[in-house]
Structures are given as structure tokens and as C-alpha cells.
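First subunit A sits with subunit B, and in the next complex the same chain sits with subunit C.
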Partner chain A sequence: MTVAKDRFTFWMFALLLLTVLCFFLDLFVGRYDLTFNDLYRGLFSFDQQETGQLVMREFRFPRSVTALLAGASLSVCGLLMQTLFNNPLAGPYVLGISSGSSLFVAIGSLTGISFFLQDAGMILLAFVGAILFGGIILFSSVRIRSQVSLLLVGLMLGSIAGALITTLEATASAQELRAYTMWTMGSLQQTHFDQLALFSILVTLGLLSCVFLIKPLNALVLGEEHASLLGIRIKHFRFFTILITAILSGTVTAYCGPIAFVGLAVPNLAKMLFKTADHSKLLLGSLLIGGSFLLATDVTIQLLEPYFLVPVNALTSLIGAPIIILLIVKRWS
Partner chain B sequence: MISIQNTQFGYNAPILQVESLKIDNGTLTGLIGKNGSGKSTFLKTLCGLTPVLSGSIHIGGKALSHCSEKERSQLVAFVGSSQLAIPYLSVKEFVLLGRSPYTGVLGRYSTADELVADEMLSLFHLDHLRDRELAELSDGERQLAAFARAFAQETPVILMDEPTAFLDYGNKRSLLSVLKNATVESKKCVVISTHDLDLCLEEEISILGINQINKKTIFYPRGTTKEEMITQFF
Partner chain C sequence: MENNPIKIIEVPGKRPGFFLLNFTRTVNRILFISFIALLLTSCSREIQSTRTKKAIPLSYAQNFKLDSLENGVLLTIGESKGRIKRFLLAAEKPAHLINGALWIKTPVKRIVAFAGTDIGMLTRLDAAEHICGVSDRTLVFSSAVRNHIRKNRTLDFRQEAQVSFEQLLQCKPNLITYSDFGKDYPHEEALGKAGVICLPILDWKEQHPLGKAEWLKVYGYLCGKEKEANQAFNNSVETYNTLKKGISSKGKPTVFSGNQTGEIWFCPAGNSYEAKLISDAGGDYTYKKTKGTGSLSLTPEKVLTDNRHTAIWINPEANNIRELLQKQGRSAFFDAYASHKIYCYSGNMNKYWETAACYPEKVLEDLITIFHTKNPTGLNYYQRLK
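And then the complex of A and B:
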């Protein structure tokens, strides 16, 4: 017990340090050299004439906060999905939940209805898409017992969304098409300083409400029958889990575009690191690993920027996919 | 104590019926019957996972069909036939999960919960394995851990679906005798389904049989010989 506790405390401390480090690295790495003074003044006594403060307030700070929260949210979503579907390869991206958001955002932005081009409209669309596709996956999971089949259903949902999006793209104007295509590449730069509050509030509320899922998640590790016999109301739990996932992944997808593999890879890293099935620890672990993972990805992107531009979604896939392949090889060999 | 009155068991059509049956506290009962005779259905219905087709089941005086999930979780515990080889779940964490019915909305365990879990770990001789992962244990050790988890739930009734199915002969014997002692000591009502008629007779476990010939009823074959039981139940 004490060994396990020490291990957890040590890693939590290390991860917290890593997250803070990544956050500040992300703030200060980039084309312009900025100072702590720019950060402080930019946030608390902003002067528009100072370029340093402007860059910090309008670009770097929102970008770093977005990376931190998006990484944390997607990882927590992944953990919720993996336990809900009893499948270590589940995540909002592979199960098609992000595709649902993409489809609805595409409908909004490619049809050019003005309400859907605003923040609230985009978030609403991404949320509706996430909850709709999440519902379909949930409905399928009640009927499908095989883990691999469920992933295939997720893949098919992604294909359907992809096909519909392509059709929409074919009829869209060049300008709409460009905007939408940029969105699908994923970007941490789309959240502006004044949008940061709404984004942070939604995501923080979603993350905080996860404390009420710890108990059912822990019981669900034993399977749905056992969890039910331990007093968990499975139907309620399923509904709330999909709702929280839709809020978190919907909000992140609306602001940042679909970001692949973070939700899949990070919870598995947390499980390997902590060697526990206790979700209070796994949630905290996924939160910190996810946050620092996306921050580190962003630092890499900024460092590469003078040479070539890498979209977030491309880099997370380049790092995340090999981790998944390793996991599969380890599990099914 | 379990009491069953004029109850039909099954999913759509009845596969079993019981006119009147009482199973007392402090007894380990072996449920005997051939494959497909309805043992699992019977146990799952007693858990409340499958509804009865007609009639009523009372556990500790409470009607099972009127219980909420939470109430039910404090009346019946269940050990399934599938092996729970869950990665990263330690034996201690697993046994503590049996305390979930008593924790609050955040699922934090009290010192009392920890004590119960420790007590059950030593009752089933698992102290030295407490920090090991469930997935690393042998089949016999994992089954003992499942018993400890069910007992930690502190319910008057515990049901087990073929808990000894995957074990070798030596393990079956020792597990049954550990289980019998724990049952008598804790004054619980424990029902297990099993094919090991010989072992049940050897351990003097009371036997409940599913009769294949006569309307598929369940009853105690008191005073019958082993040969008669075999013709009636298999």
C-alpha cells in the first residue's frame, strides 16, 4: 500500500512539475522573444502599443491555455470511453465522436448560416454532433459484445461523416472550403483572449463533474453486471458519461478542430505509469499527462515553425499512432 | 435467508419453477443440475439481474423486485463464472470494491471499509497477495479474491455461479472447505452452482437439485443416495 502510494505521489509531483514546465516553455518559445514582464503586464495592465504584450495576450497565452485544457479534456474523455466500453482502444476520435462534431461543424460552416459561424453556434453544433454520434456508439455497444466490432462501428461512423463532409465540400465556395479545411487540421490558435473565458468555464465544469463518475467508473472495471450488483445505476451512469464526453470533446473540437490520438494514448500511459485501476488517480494522471502532452506538441510545432508548418492533428497522430501500435502489439501477441 | 414462493424462472418461457423454497442462514448450499437446466438463470434471478416471470422472491424479508440498486447491493453479492483477470487492479483494490454499496457519492472508503477488506483478505488467506495485480494471480488465488470481495460486501446472501469450474481437483477441495468455514463463521446464506456432486457430499454441503424429470422443480433431496441423485439430476 505504502509503496503504491509513494509511487503515485512521486509521479503526480513529477507530472505537475512537467505540466508547469511545458506551460511556461510553450509561453516563451516562438518567433518573438518575450519576457515575464510581457506576461504579467499583458494579462493585468495591458498596453496595446507594446508588441511584446500584444503577442503574449493575443497569441501565446490563449494558445498555451488552450493546449493545456484541450489536452487534459481529450485525455479524460478517452479514459471515460475506455472504461465505459471496457476497451483500452476507445477514445473520442476512434469511436467517431469527434467525427460527429466535425460533421455538424461542417454543416454549419459550409452552408454559411451566420448563427453557426459564431462561437456559441459552433460549440452547440459540435456538442450536438458529439452527443448524437456518442449515442449511436452507446446504442451499438449495448448490442455488440466484441471490442473490435465496436471500434469498427466507430470507424464506419467516421466514414459516413467523412463522406457527407466531402459532399458538402464539393458544393461549398472556395473561401468556406479553405476555412473548414484549416479547421480540420487542428489549431490551438483559434481561441482568442476574449473567448478564453467561455472555453475555460465549459471545459473546467466538464472536468470537475468527473469526480461524480469516479465511483461508478471504479465499479465498472468489473463489468456492467457486477457494477450494477454493487449498487451502480448503469443507465444513469452511461447517460452522464456520454453527456460529459460530449461537452468536453465537443467544446475542444469546436475551438481546436478534431485532434487525434491524444484521448486514446494518454489514458493508457497513465495506466502504465500508475499501475492502478483507481479512477481518482487515473483521472488526475490523464489530466496532467494530457495537458503536458499537448503543450509539448505545441512547443515542438513552434520550434519547427521557421522550417515548415506542422498542423497539430498531424503531429499528435505522428506521436500517438505509434504508441497505439505498440499497445496493440503488446496486448494481442 | 432466501424464501421463494410460486415463482417461475426464465427469460421468455419458464425453464424452472419453484413452489416453495427456503434457504437458511449459516449454510453453504450446492446447486446441482446438468448443463442448460437453468442453474445460471436461477442464480441471476436471485441476484435481481433477471426479473422473475411470476411469483416473488424475498431476501432477508425484503421483496427483491421492490429493491433499488443500492438496497439490492446490500442484500445480495454475486460471484460470476468468468475470471476477472483485470489488468492494474490490485487484490486489495478489488476486495475494497465490495464496499462500494456503503460509500458515498464520491466513493471514498472509510477506515471501517479498509478494516473489513483487511479482515476478508485474512479470512481467505490472501494477506501476502494484497498488492499483487489480479491479472498476475493463479486461477485459484483469483477465485479466493472473488470470494473475499463478495464477503466484504457484507450481504446476508451470496450467490456464486460455478466458482470452482476452472480449478484443479486439489484447489476445488481446498476452496470449498475455506468457503464452507467462512459461510458458517459469518452466518451467511451462500449458494453455489456446481457439477462436483462428490465434493459436495464429501464436504457435507447441503445439496439443492434441479429435477430433470418432474416439471423442473428445485428441491432438497434429503435422505436420497448418490445414485438416486445422479438419475434425478443428471
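And then the complex of A and C:
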């Protein structure tokens, strides 16, 4: 027991250190050389005429905070979904919440309404889509008892959204298609300094509310029946888990576009690392691994930038997909 | 041996039955020689055709070639290292077509214009009546073509990507002009069987603004208006070069061009058509030293740090300042924004995309006015964002 606790403490300390390191690396890696003075003054006594401060305040700081919070949120969502559906291959987007965002952004951007081609319009649409599809899933979760059936409803919602998007794409102009395609590539750069507060509040509230799910999550590992015997109200738990997932993944998708594989790969990494079913540890672990993973991804993007631009969604998939393959091979062998 | 009535003549070194074998060989040789003779005859016909080939000189265009033949004009489209397509433009179908060329009966009567710039070129040559189909009426600038659409003489296909084979045949075209982005036109082979030729247009690949305009010659030969096409092109060249010479002594303002979509800024590369126009108009383009003929993909951070103090910003793909700020909130950090020196061809996008290729001198004139006058007025395509 003490060995396990020491192991957890060691890893938590190491992960915390890694996250802080990645955060500062992300702040200071880039084409334009910045100093701590730019960071301090950019945040607390901003002078727009100073390019260093401007770059720090408008680009680097929002990007790093977004990467940290988005990575943490998606990983926690992934963990919630994997435990809820008792499936290591479930992720935050398995319920079709991301598909809802994609569909609404597609409706907005591919129908040529200029407001919806802009940042604010896309964020609004993505959020509305996520909440609407999340609502459908929530409603279904009350009516449907089987987890597998609920999973299927999520997948079907994704299919419907996909079909509608394809139909819209077929009639869209080149400019509209480009705007939509760029959105699907994901971005950590779209959150402006002014929008950071709202984004951070929504994500932090979502993450904090997960604390109330730790006990039922631990009970659910034993199976639904055992969890019920332990006094867990499964329907209520399911409702709140999906609600939190919808808020977290909806907010991230609204501000960053769809970011693949983080929610799928990181919880599995946390499970491999901590070798425990205790969700207090897994949640903390996923949160830190997810944050540092997306920060490290962004550092890689900045380092590669002089040679070529890699969309964040592509790089997370490039790193995440081999991890998933490894997991599947390990599981079946 | 002596009693044997048949005498077998022994030939040293040869097996019995030599004559029979020899006969077969002789027949084979005759057949082989006949085949070679036939091949040479057909080749010589081709050589004869190519011998009479005389290149029609081009000044700027890199993506097509014209050769005068006895029986017409050979149009070659494509780069030497890339895909090449050949077309013989002739009034009568020739007995032999060289190098797999396709015959286009000239003058072409009915053209489905899907390339965008084709409408501008044909209108400039006063040949808009030949256009029998367009991809989307809302994108058409030419008043003549819009008029034809209204009178149902020209068909509006609404969406080029969704055009079906049957729809195209219904229009009864002789030719379809389309922008070739590395792929053949859908159903090209089937359309060919129905007598419809698909002609790829590569004017978008030209690196010199006058190279784009030189494509007027292609349309000239297609519509039997080669003299008018040459005249129009020469006028453009003369005006363009006169305008260019006129600004050589003036100062060079710093300029950047481009716009942001998603997380990426798209700016013209150093050897692109736009970079050439900026340079010819006497502007000092930020990315003039970069390689490539297409677009550069840059991060917003790089574009802002490179261009914070650049004097003029062109082509931000916005109609007004409000739309620009909604699309790209960080635009306000550029000096060009503070000094109100942001210009775009957004006054009439259709006009720009349709006609700028065949009137490069007008685009150059706009840029010279923007770069070298305090209050630019009377612009052809551009407008200051307000």
C-alpha cells in the first residue's frame, strides 16, 4: 500500500513538473524571442506598442492556457466515458457531441452567412451544436437503460451529422469549404486573451465538478449491479457524467475545433502508469498528462513551424494513433 | 543408297528439310519487312506533319504552346515535366492526328465555361455568345453573359461539382473549358465519345501577370478571333510595360498581402503572380525572397511580427473594416490598420476573378495608384476598406 502510494506521489510530482515545464516551453518557444519581462508586462502592464508584449498577450499566453485546459478537459472526458461505457476505446466524442458542433459549424460556414465564418460565430455555433446533441444524449440516457444502446445512439447521431455535413459540402463554395476545413483541423490559436476568462471558467467548473463523480465512478468499475447495491443512483450518475462531458468537450470544441485522440489515448496512458482503478488518482493523472500532452504537441508544432505547419488535430492523431494500436495489440495478445 | 529413288541433297552444316525451313523464314522476313515498312510509312506521315510544324511565338505564358501546322493549329497544354494534353484546332477533321491530339473543330460554336477566367477572356474578345453554360450565375460578372442567362441562351449549372453527364449533354456543347488542378474533367472520356472536348485551362499557374493574359490567344484561336486576341494582348503588354516604367523612380512602400483562414495565414510566395504584380507596381513585398509560386502558409504570430510596421496591406478578403475585425480580430495591431491603408478587390469580387487575368494592366494601375498616391481614387478593382 505504501509502495503504491509512493509510486503515485512520485508520478504526480513528476507530471506536475512536466506540465509546468511544458507550459513555460510553450510560452517561450517560437519564431519571436520573448523574455519573462514580456510575460509579466504583457499580462500586468500591457503596452501595445511593444511587439514582445503584444505577441505574449495575444498569442503565446492564450495558446498555452488553451492547450493546458483543453488537454486536461478532453482527457478527463475520455476517462469519464471509458468508465461509463466500460470500454477503453471510448472517448469524449463517442457520444456525438463533437459531431453536433461540427454539424452546426458546417451549417453556419457552408451556407455562406458571413457572421458564422468568423471566430465568434463559429464558437457560438459549435457550442450550440454540442449542447443540442448533448441534450439528445442526455434525454436518451434517461429513457435507455443499456449502455451499449446509448453508445449506439451516439454513433448514429455522428452518422447523421456526417451525412448532413457531406450534403452541405457538396454545395459549398471554395471559400466556405476552406473555412470549414480549417476549423476541422483544430486550433489552439483561436482563443483571444479577452475570451480566455470565459473559457477558463467553463472548463475549471467542469473539471471541479468531476470531484463529485469519483465515488460513483469507482463503484461503477465493479459493474452497474454492484454499483446500485452500493447505493449509486445509476441514472442520476449517468445524467451528470454526460452533462459534464457535454459541457467540457463542447467548450473545447467551440474554442479549438475537434481535437482527436487526446481523450482516447491519455486516460489509457494514465491507467497504464498508475495501475489503479481509483478514479481520484486517474482523474488527477489524466488531467496532468492531458495538459502536458497538448502543451508538448504545441511545442512540437512551434518547433516544426519554420519548415511546415502541422495542424494540431493531425499531430495529436499522429502521436495518439500508435498508442491506441499498441493498446489494442497488448489487449488481444 | 544407289537404289533409293529420292536423292537427298546434303548441304554441309544444314539439317535435312532445310528448304522447307528456309521457305518459312523467308515468309516471316517478308512479313516483318512489310510491318516495318508500314510502321515507317505511318511515322513518316507524322514526321511530315511535324516537319511542317512552326511554333507560334509566345512572350510570357509558360503553360501552353501553339504550333502552326498545315491543317490547323496544335495547342499543347501543360508543363514539359507534367501532364501534357494536345489539341488540334482546325476547321476540318484531319486524316491523321499527331501525338494523340484531340481535334477541336474551329471556330467553336458552343462552350461551357467552367474556368471562371474563360468568361472574361471570351467577353473581351466579343465572343460571349459562344458561352452556352456557366457554373454559377451568381459568380458571373459579364453583363453579356448575364443577359444570355436571363434569356435562357446560356444555361446556369448552379454548381460545377454537381453537374451530371446528362445535364452537360443537354446543353449540346462542343467544348468544356475547366480549371485543371491535376485531375481530368469528370467523364472526360465519355464526353469525348459524345463529341464534347474538355479543355484544361492553366492560366492560374502562370507566374507573370501578362502570362495569364496571353491565354487570350488560346481563346482567339478557338473562336476564330486570333487577330483580335493578339491585338488585345499586345495592348495589355504595351500598357502594362508603360505603367511599370513610369514608377521606377518613385519610392518603394512596404507591402504585405494575404488573409487568415482558421489558424493559418495565406500569403503569396515570392515567385507568385501577386508578388510579381507588387514588385512591378513598385512595392516592397515582405515575402519577396521566399521560394514558390503558390501561397505561403504562415502562423498569425509570424505574420504579425513580420508586418506590424508594414505600410500597406492588400487582399485581406474582407468587404469592410467591421468584417475584417470580425474575421481577424488581431488585424487592429497592424500599422496599416491604424493608418487606414488596407485595400481589397472586394468592391466587386466577381469582376476581379473574372476579368483581372485578361486585364493585368488594370490591376497594375490600381496597385501603382495605391502604392504611390496619398488618396487613391478611380481604382478599377480595389477599394480602401472603410
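What we mean here is this: the second predicted complex is superposed on the first by the 274 of 333 C-alpha atoms of A that agree within 3 Å, B and C clash if a C-alpha of one lies under 4 Å from a C-alpha of the other, contacts with A are read in each partner's own complex, and residues count from 1 in each chain.
Here is the rule we go by: a residue touches a chain if its C-beta (ideal position, glycine included) is under 8 Å from a C-beta of that chain, and two chains touch if they have at least 3 such contacts.
Model, not experiment: these values are computed from the prediction.
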May I ask you to decide whether A:212 touches subunit B, subunit C, both, or neither, giving the answer as first, second, both or neither? first
Which partner chains sit in contact with A:233 here, subunit B, subunit C, both or neither? Use first/second/both/neither. first
By the touch definition at the top of the document, which applies to A:48: first (subunit B), second (subunit C), both, or neither? second
Which partner, once the models are overlaid, touches more of subunit A's residues, subunit C or subunit B? C
One more residue to check, A:178. First (subunit B), second (subunit C), both or neither? second
Output check: A:277 vs subunit B and subunit C. Expected answer is one of first, second, both, neither. What do you get? first
Which of the two partners, first being subunit B and second being subunit C, lies in contact with A:222: first, second, both, or neither? first
Touching A:190 in the superposition: subunit B (first), subunit C (second), both, neither? second
Interfacial residue positions of subunit C with respect to subunit A in the complex: 159, 161-162, 261-264, 297-302, 304-305, 308, 317, 323, 326-327, 329-330, 333
Can you name the residues of subunit A that touch subunit C in the complex? 30-32, 48, 51, 54-55, 58-60, 114-115, 117-121, 170-171, 175, 178-179, 182-183, 185, 187-190, 192, 257, 305, 308-309, 311
Please output the residues of subunit B touching subunit A within their complex, sorted ascending. 47-49, 69-70, 72-74, 76-78, 80, 82, 84, 86-90, 92-93, 97-98, 100-101, 103, 105-107, 130-131, 133, 153
Of subunit A, residues touching subunit B in the complex: 1, 3-4, 211-212, 214-215, 218-219, 221-223, 225-226, 228-233, 271, 274-278, 280
